[in-house]
Every structure is written in C-alpha cells, then in structure tokens.
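Here's the structure we're looking at; comments come further down.
Order of writing sets the labels: A, B, C and D. Residues in every chain begin at 1.
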Amino acid sequence: MARGFRQKIRQKNTENSGFGDNASGRFINKDGLPNVHKKGVGILNRFSWYHTMLDLSTFQFLSYLVIAYIIVNILFALIYFLIGVEHLTGIDKSNPMNEFIDVFFFSSQTFTTVGYGRIAPVGFTASLVATFEAFLGLLTFAIATGLFYGRFSRPRAYLKFSDIAVIAPFKEGSALMFRLAPYKNNSLTDADVIVSTAIEVIENSVPKSNFYTLKTQLSKINTLALNWTVVHKIDEESPFFGFSEEDFKNTDIEIIVHVRAFDEVFSNTVVQRSSYVSKEIIYGAKFIPMYYPDKENLSTILDLDRINHYQQADLPVLEEQ
Amino acid sequence: MARGFRQKIRQKNTENSGFGDNASGRFINKDGLPNVHKKGVGILNRFSWYHTMLDLSTFQFLSYLVIAYIIVNILFALIYFLIGVEHLTGIDKSNPMNEFIDVFFFSSQTFTTVGYGRIAPVGFTASLVATFEAFLGLLTFAIATGLFYGRFSRPRAYLKFSDIAVIAPFKEGSALMFRLAPYKNNSLTDADVIVSTAIEVIENSVPKSNFYTLKTQLSKINTLALNWTVVHKIDEESPFFGFSEEDFKNTDIEIIVHVRAFDEVFSNTVVQRSSYVSKEIIYGAKFIPMYYPDKENLSTILDLDRINHYQQADLPVLEEQ
Amino acid sequence: MARGFRQKIRQKNTENSGFGDNASGRFINKDGLPNVHKKGVGILNRFSWYHTMLDLSTFQFLSYLVIAYIIVNILFALIYFLIGVEHLTGIDKSNPMNEFIDVFFFSSQTFTTVGYGRIAPVGFTASLVATFEAFLGLLTFAIATGLFYGRFSRPRAYLKFSDIAVIAPFKEGSALMFRLAPYKNNSLTDADVIVSTAIEVIENSVPKSNFYTLKTQLSKINTLALNWTVVHKIDEESPFFGFSEEDFKNTDIEIIVHVRAFDEVFSNTVVQRSSYVSKEIIYGAKFIPMYYPDKENLSTILDLDRINHYQQADLPVLEEQ
Amino acid sequence: MARGFRQKIRQKNTENSGFGDNASGRFINKDGLPNVHKKGVGILNRFSWYHTMLDLSTFQFLSYLVIAYIIVNILFALIYFLIGVEHLTGIDKSNPMNEFIDVFFFSSQTFTTVGYGRIAPVGFTASLVATFEAFLGLLTFAIATGLFYGRFSRPRAYLKFSDIAVIAPFKEGSALMFRLAPYKNNSLTDADVIVSTAIEVIENSVPKSNFYTLKTQLSKINTLALNWTVVHKIDEESPFFGFSEEDFKNTDIEIIVHVRAFDEVFSNTVVQRSSYVSKEIIYGAKFIPMYYPDKENLSTILDLDRINHYQQADLPVLEEQ
C-alpha cells in the first residue's frame, strides 16, 4: 500500500483538508462519503436516524415500513389476545387460530384507522389498548409522511461522474481530465468545482499523505446543461509535474472532487463529491465528445452512456523528468 | 439557420457558459430551461419523479391523483372479486355487476380508511388484502401530502418578463433593454441580474456560437417592488457595438437572462431565467412606463398589462459601422 | 405632501433602490412591505395563494378552514339529498329536516374518514359520491398539513423595532438612532443592517425622491441576544448634515431599514424591514437602556417593554447650517 | 465574581459582539444559547411555540402529545356525557361509570377517525360535536405531522466539543486549543470557526467586559470527517499574551466558539456554538490524538470517547510577563 512518491513537489501542501497525516486507506469513497469509522459515544447517539432513513434505498425504506407494520400488528394482536377475545365483538371463536387471525386484523384496522366495526372493542381494557393503538397509528403515519417528504425533497445534485480520469494531451502539454454530467431532469446553474489530491510521500522513510489543491482551467460554469469536462493542466505548479506513467501507477494518489451547484427546483445549493485513485487514472487517453446536435439541428442531445468513452492519445514527451 | 455574424467583436468570448460550440438550436427556452435532450442511462434513472411532479400544472397533478385512485381501486376490486365476495359481509349478491360495484366501493372505503363497515372482510385472505390496502392508502396519502407541500412551498420568483427586448436610445447612444416585474404578492429583495449573449459567428467558414457577458447599467437593486428595466448600453465594450438593424435581424443572437432575488416569505433565494432570440428584439423602440401614482398620491400602482407597451424611438446614427 | 428639501446634499443619490422617481406616498409600510399596488394580469394570476395563506393570522386561517369544512359538507349533503336518502342506510326518515341533518353528518363522517357506518351508502351513485368525498377529504387534509407546516416553519426574524427614531447627541455631534430587539425565544447570529433614506427634494420646482445610503457605526453584530441600537452619525457624509429640527419636520423623509440575520433553529437567513417617516423621528432625545443585570448578577435581563423609552437630550449647536 | 484583569492588552476590543458592557454572568451557556432573559411584551408574544416544540426532547414531545390526547378525550367525553348518552348508540348503560368509559372511548374513536361504529352518534347535537371532534382530530394530526417533520428535519451540526480547553505548547510558544468532532453519520464540509473571548478588565476601578477576536491557525477546513483541533497561538497579537497560570485562574475569561459547516444531507448551513470559562481551561496540557488507522490499514477510526483525553505538557517559560 505505502508506495510513497520520492520526488520533490514544488507546491506547498495544504493543511485544511480535514484529514490527518496518519489517516489510512482511501480518504473519500467513490460515493463521496469520507472513509472514516466512528466509535465511542454509544451507538444510539452516534446515529442520526433521520440521516439513516434518508440514505436508505426506496426498496429498503418501504420494506422497513412494511416489516414494522407487521410487527406492530402482531404485538397488538398478542395484547388483545391476552386481554381476551370476549372483549371484542364479531370475533370468529371457532378455534384459537381463527381468534388470533381476527384480533390481528382488528389490530391492523385500528392502526390504520379504517375501523370497519365488524370487530369492535367492548369494555375498558380492550378499548383502552385500541385507543392507544389508533393514536400510535396516526403518529406513525405522521412520521412516515415527514420521512417521505424528507426523502424526496432532499436536495441532490444527480451528477454522474466518469468512472475514470485520463491524462490527456492539452495545449502543448498534458492535463488530468475527468467529466461529469447531470443525468436527471433537474436544472443546475452556477456550478463550481474544487479538486484536490492526496499523494503519499516518503518523509524520513515514513509514508505520509500530503494534500494539494489542483487548479482547473475553468472552475465555474453558468449553466450545467451539458457535460462538464474538468481540466487540470499539468504545468510547473501542478503536483503531478514531471510524473511519468510509472509514477502515476506506483504512487498512492487520490483525486478528490467536490462539485457545488444551484438547483432551481429545490432553490438550494446541492453538492456531490467523488474521488479517483491511482488505478482509476488512465495515462495517455482522451475523452470522446458525448453531445451532438439533433437531426433537425434545433436542439442538442446529451448521450449519458458515452460518459466513459475515451480513446488512446499520445502525450508529448516530457522534457523534465 | 446558420446566419453567422462576420464582423470582428472586440470582447473576448467567455468559456464558462456551460454550452459547447457545436450545441445547436436555441440554448435556453423561453421558460428558462436549457434546450437539451438527454439519452442513455435508462429512462427511470434519467427522471427525477419528484422534479417531474413539481413541474406538472395543478390540473395535471390532480388529474393524475384521481386517475391513480381509480386504477388502484379497480385493481383491488378485482382482487377481492377473485378471492370471492363470500368473504365480505354486506355485499349485494343480486348479480355479478352489483357484486363488482360493491367490492369496488369496499376497496375505496378501505383505501381512504373511511371503513363504514357495511361491507367488511371476513376470514384470512380478504382481511389480509384489506389490511395491506389500508396501509397502502395511508402511505399514498403520506406521499401526496409531501407532494402537495413540495409543490406549493417550492420557491419561485414569479417574475414576468417582457416578451420583447428593444434597442432604445440611451445617453447619446443606444442600449438593449428588456424589463421584468414581480406579478404576485411576493416580496423580493436584493435582486441581481446576469445577462449574457450567444452570437453565431463564422470562423473559417464554419458557424460557431460565441458567448459574451453583457454589462448592465445596474446589476443589483434593493427592493424589487416595481418593474425593473434592465439596460445594457451598446458601447465599445459591447459585442453589439456597430450592429445595424440588419445585423440584428440577420445574425443568430440569443440574449440569456438570469435573475436571482431573495424571497422574504420563503426566506430563500429564487431564480428565474428567460431568453430573447433575434426575432424578439425590436430595433428603434422604447418602453412606456408601467407604474404611476394612485389618485390620492398615497401609493404607487404597477400595471402589469403594460409590460410589453413600447413606442417607436429613433436611434442616433451610428458613426462607426 | 410635497415639502421637498431645497438644500444641497453632498452625497450622490443611489439609483438601485428599486423605487422610481415618480413613485408616491410612503415607500415601505411600517410592516416592511412595499407600498405598491398591482393591477393587470388577472386577479388569479396576481396572487400566490400560498403566500396569502401564510400571511393570514392564525385566527383567520383556522376560521377559513372551519368555514370551508362547513360549506363542503353542506354541498355534499345537498348532493346526497338529491340522490335520495333511500340510498343511505340508517337515515332517520321521520321528516325532511331530520333527513338533511343525517345526510349532513354522513357527509362529515365521510369527509373526515371517520365512517362510523351507522349511516352508510348503498348502491352505485351514493357510493360513488362518498368515494369521491373521502378522497377529497384526504387531499384537503394533505393540503392543510402542508399549510400548517408552511405557516409555522416559515423563517421569521421576530424582531421588534422601536416605534420611533431619535436624533441624539453622539460623540461631539449628533446621530440618528433607532433600536431593535429579538422578542421571542429564537437565536439570531451574524446580524447585519442596511439603512437607506428617501428624501424629497425640489429639482427645477418639481418634487422628486432621492435615495441615499446611511452609514452606520456598526453594520454587523455576532450575536443578536440583547437589543441593538443602530447609530447613523450625522457627519459631513450624511445626507442629514446641517438639518435643523425644522428641516426634519418640514421635509418628506423616510428611513428604510433592512435587517438580516441567521436563525439557528431554522438554519436559515431571516430578514425584517421597517421604516420611519418624518413624524416618527424625534429631534433631541436619547434612548434609555433596556437591559440590566439580574439580582444575582448571573444573567442579563432584557426588558422589551422599554424599547420606546427615551428622554430629552440637548443636541450640540450646529456650527454650519 | 468581578476579578478583572489589570494588565494592558494590546489588541483593540471589538464592539460587534452583540453583548453590552454591563451584561453580567456567563455570556453564552455551554449549550450555545445566550445567557439572557427577556421580559415585557407578554408571555404569549415572547415565545415562538414552534421554536419551543423543536427544542423539546423526544421524550418530552411525545409525552406532551399523549397528555394532550388524553385531555382532549376527557373534555369531549364530558361534553357527550352532558348531552346525554341516549344520543349515542351502543352505549353500555349499566351504570354511570360504564357510560362515561364508553363516551370516552367513543371520543377517542372519533378524534382518531377510527370510527368503528359500535358506538355512533344519533341526532343533531351529538353528531355535531362528533363532526367537530373528527375535524379537530385531523387538524391536530396535520399539525403533529408538521411538528414531527420540523423536529427531525431541523438542520443540526451534531458536533461534540471537548469539555475543556487546554493551554498547550505550540511552535516554541504556547497556544489555546480545544477540539470538536462530528459524532453522527452526517457529512459536514466547508467548516469554519470563529473564536472570540470576553475578558473582564478593571477600568477606573469598575469591572467591564471587553471582547476580542481570537485568531486561529486554520479557520476553515474542507471536510469535517475527523476531529478538528482548533488552535489559537498565544503570540503578541493575542489578548492572552503574557498570561500566567494564575492570570488564567484569576481573571473572568470566556472563550466563545461559533462553528459553521455545510451539511450535505440537509443541503444547508448548520451552526453550533459553545463556550469555555476560566475553570474549563487547563494550563499546561495537550490533547491525545483521537483517531488511528484500522487493523487492515484501509480506513480510519475516530474514537469519540477520547475527545477529552489530555496529558500534562510543560509550557516554555514566558520571557515577557
């Protein structure tokens, strides 16, 4: 792992990355979250269940709701069963199984506040439990309403990043490039990108991660309607200046990307992060354009499936190495 | 279409428009959305259904809700019918049609959780389906609640743009002008405007779109209470310097407007975009004021119907052409 | 009304107020809204009903809900009555009045989805109407839920402004002062204030409103926990330099205040505006402090009822007038 | 209490703290709220019940909901009881106690809109009250839905501050340090910190609080994934320059910390404040690192329980005192 780079990098490393020297492994995972695990404090305090509920996939979220619904009804069915089915009208008392089935469905009819009334509570205890269950049901659906809204109103950038970054020829020299495109029917404006890199260097024979900011040719664009190819020219100010193909392969490099834009539907700033490590950087390649005019020449078509399309491209021979 | 402008424009074109050279057709539609179509990724991934639901008109949105409600009830009615009407109490069994009508309404009474109980499920299978339907009904209304709130709490600028822009006399010279006004009872403050233009030029006999930023006389105003006439003086720094009436007609021009303001009710930044193409620019005209004092001289009246009112106005003869 | 000031004001007037020269009356009402009326476009398009619903008082809002609930039930009761009470079970058919009362309550039981079932629909037409009413009921409560949330989650500054501004002695000279204080249990930080003034001047014997920015001694404070006395020193750069008590009385002056702060509960920027006209400016007065240590000297007490307390204070004699 | 510092502090004190000279006690409580009490205006106007409901603990909030539910049902039960149980079907009339129990549960079945129908209203008065109660029930749950959403969608930083600050050796001199770490599964980026201090000084034998801004070595970090040790170097520009251990003990000092970051789930700026008073500052100590690589060297572990771990550390002898 510790394949530090021994050459001198001219740029001073930045200290405000938020990661320390002895942090290890990838810093930012491909999905943009920091590769950090927390312990201590107690597991209940360490999780924001709202953040957790918002991060679940739709399928997981709905499954959890259904499972919770079944468990709650089984619990209340048990309670009604223990209280005694004689306190409920309309129960099929032919055998205990049928009794349990009827109290289970009475529970669900109460929890959802359907309340057909074919089965209804009589007397204090059963009525009290039913009263509480209906209240709990409504609160549960109040919470579910909030969670649904929280989930789908959560501002997200919906950006697709190219899986790979390339070292491509650029203006007599070379540049690190990757691209990104909005893939949904959202409208992003005022987009900007911050690119930084972590390079493992050997200092006093100890591997250590240094952080550098990578300058981009264009750090801001007005309307993020088509794809955006982010270009970092490898000139004398770049920490990658003088890197050969072997250097890119043998050094632990991580390119950390942070995109920020304004979404016009949410009227909110949305962010998305990603990262590229050494094996995701292709040396001597260039991207193939992914948009073209439509047949009638009246509109532009953006083909999202082409985001990773690239072709080989010879780089100029490095003078200084 | 490709009627490029051959003259030299002094200003350097900007590269951060987010649109490429070989994009085609109008860049920004009149409603402010980019004129780009996407393909690839798969249609389900390409649409944010939340963005789609928020962009529907109120009529469309309500219609979809009603149609979904009817379809869901027909589906559940079919299921209850297949299970057998003998598992429901109170069904009118005079003929299959009446049976189906009764199970359909039983379904709707379950889905909405009204649950009169005149028709009620008996036995495991029918009860199970009803249990699930009531749960589904509540989740559906939870989602609908979120969508309603998302729709009407969506921050919007409610700005009306003049349909046309004019080239009007202005301080010994001429200026490109258009105007905009808030048309609802919302309060906008700290408004600013960014105006840019795409001009098709012929470079090496190939038509190509160049992007320029247009300077405005006043790019920020404190309170957007009355109308705002945005003025771009056509001086030596303007890409339109030296344009004759014919040039405006025969060149593919697009003026792209981006307004940003702070809405005090939403406590949020709202944005609105629009664009003017060649045929929407009137040469030699000026706007007629659209606000005036009320009779008692105690308040100001803003007449929104006058936003497009203009009159002919002679432009000074251009010295340099 | 038009009592313009004839003296020369050194400062250049600002053009980005958003108000025009021939706007009339007070510019900003005491509650912070612009004194502008709109016409044209059509009344339905001119109102954002969401903004309107959010601006209603709690009493008005609840009253509208109750009235709408009664009207909807009367309308549906009429429909059920016209369809015929024989299509509903459990109706008291002793006389038409009792019939109407029963269908009215059946309607409300359907709209709220209580659905006791003592009265229940039988047959196609009544069931269809009931199905639709239950659906409408749920949508209505979905909308009401959104409105309730929109109303109470609406970010507001909850600032109390002093009713009056004073011209007080300040550092060998005088200053215009007014004060404001947060009056609820909200936490405001990073507050800033922008103060401007509209002064009516006579230019070529025509009254005209000029706008000036007023510099304040402190335009930003970190924590808005106590009251904030905003101080505009009347020095040579002030448009009020050389104004006598008579000038303040006889000139149409309006001080426009715009406060912006960050609310930590809403995690949002909140704004509040107010204005002071000539008759609300007291010449030769100073504010009495409105906070003091508590008895144990462990905390500070802010007495909001003292916000308008002031005492007479002699101003230094103006050298230049 | 009034143990003012007599030495000369070179830095000019800032005036925009928002606190006055004669405020007393701690300025910011440990939980970040200002130590100010308000009076006047009237208690109902002085509280934002929404802010109050959002500040309650989950347990308190749920308890209030349950208590309100019980009280409402008792009130409506009394009303139905007064109207007369003969206007309700299905009541157990064996004795007044059973009657009251039945009207109580009828009330809850109405309020939650379960409406089994075993007990149902007959006649105008009881039906009217039930109609109103069901309406009230739905509105209550609409409000509860909004409160639930408001509570869990409230943007919060979830930052844990070290309980103590230390005066630690730093680069040939010393520095004031404290640390903070995100303790939940939230993603914070673009974090910045503002540190200021209130020092009580004796001016003309009157104790008075002066406010100073404390410069930090790093005021902004990109990704707040690990802990952040905020470092204020005590150099000639620091108000603590020349402070001995005794000075720190005997002077009334309060360090006020204000952290601001961008939360990627809420897509919103979140803030958190805290403060350290004299007795929470440990002289001659340094923090022990709280993160380390995991066993496989693939990820970093942040141990939140170590946030207060420190060890003694000798400070360099002060040259100037």
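As a working rule, a contact is a pair of C-beta atoms (placed from the backbone, for glycine too) under 8 Å apart; a residue touches a chain by one contact, two chains touch by 3 or more.
If you want to know which protein each chain is, UniProt gives these names: A, B, C, D = Inward rectifier potassium channel.
In this text the structure is predicted, and so the values were computed from the model without any measurement.
Comparing chain pairs A-C and C-D by the number of C-beta pairs in contact, the larger count belongs to C-D. Comparing the residue numbers each copy contributes, chain A and chain D share less than half of them at their mutual interface.
Inter-chain centre distance (chain A to chain C, centres taken as mean C-alpha positions): 39 Å. Chain geometry summary: the mean Cα position of chain C and that of chain D are 28 Å apart.
Residue positions 113-117, 145, 149, 268 of chain D are each in touch with at least two other chains. Chain B contributes residues 113, 115-117, 145 to its touches with chain D in the complex. On the side of chain C, the complex with chain B involves touching residues 1, 15-20, 22-26, 28, 32-41, 45-52, 54-55, 89, 110, 113-117, 120-124, 127-128, 130-131, 134-135, 137-139, 142-143, 145-146, 149-150, 154-156, 194, 196, 258, 266, 268-271, 273. Within the complex formed with chain A, the chain D residues making contact are 65-66, 69, 73, 92, 101, 105, 108-109, 112-118, 141, 144-145, 148-149, 152-153, 158, 160, 183-187, 189, 191, 218, 220-226, 228, 262, 264-265, 267-268, 289, 291-294, 296-307.
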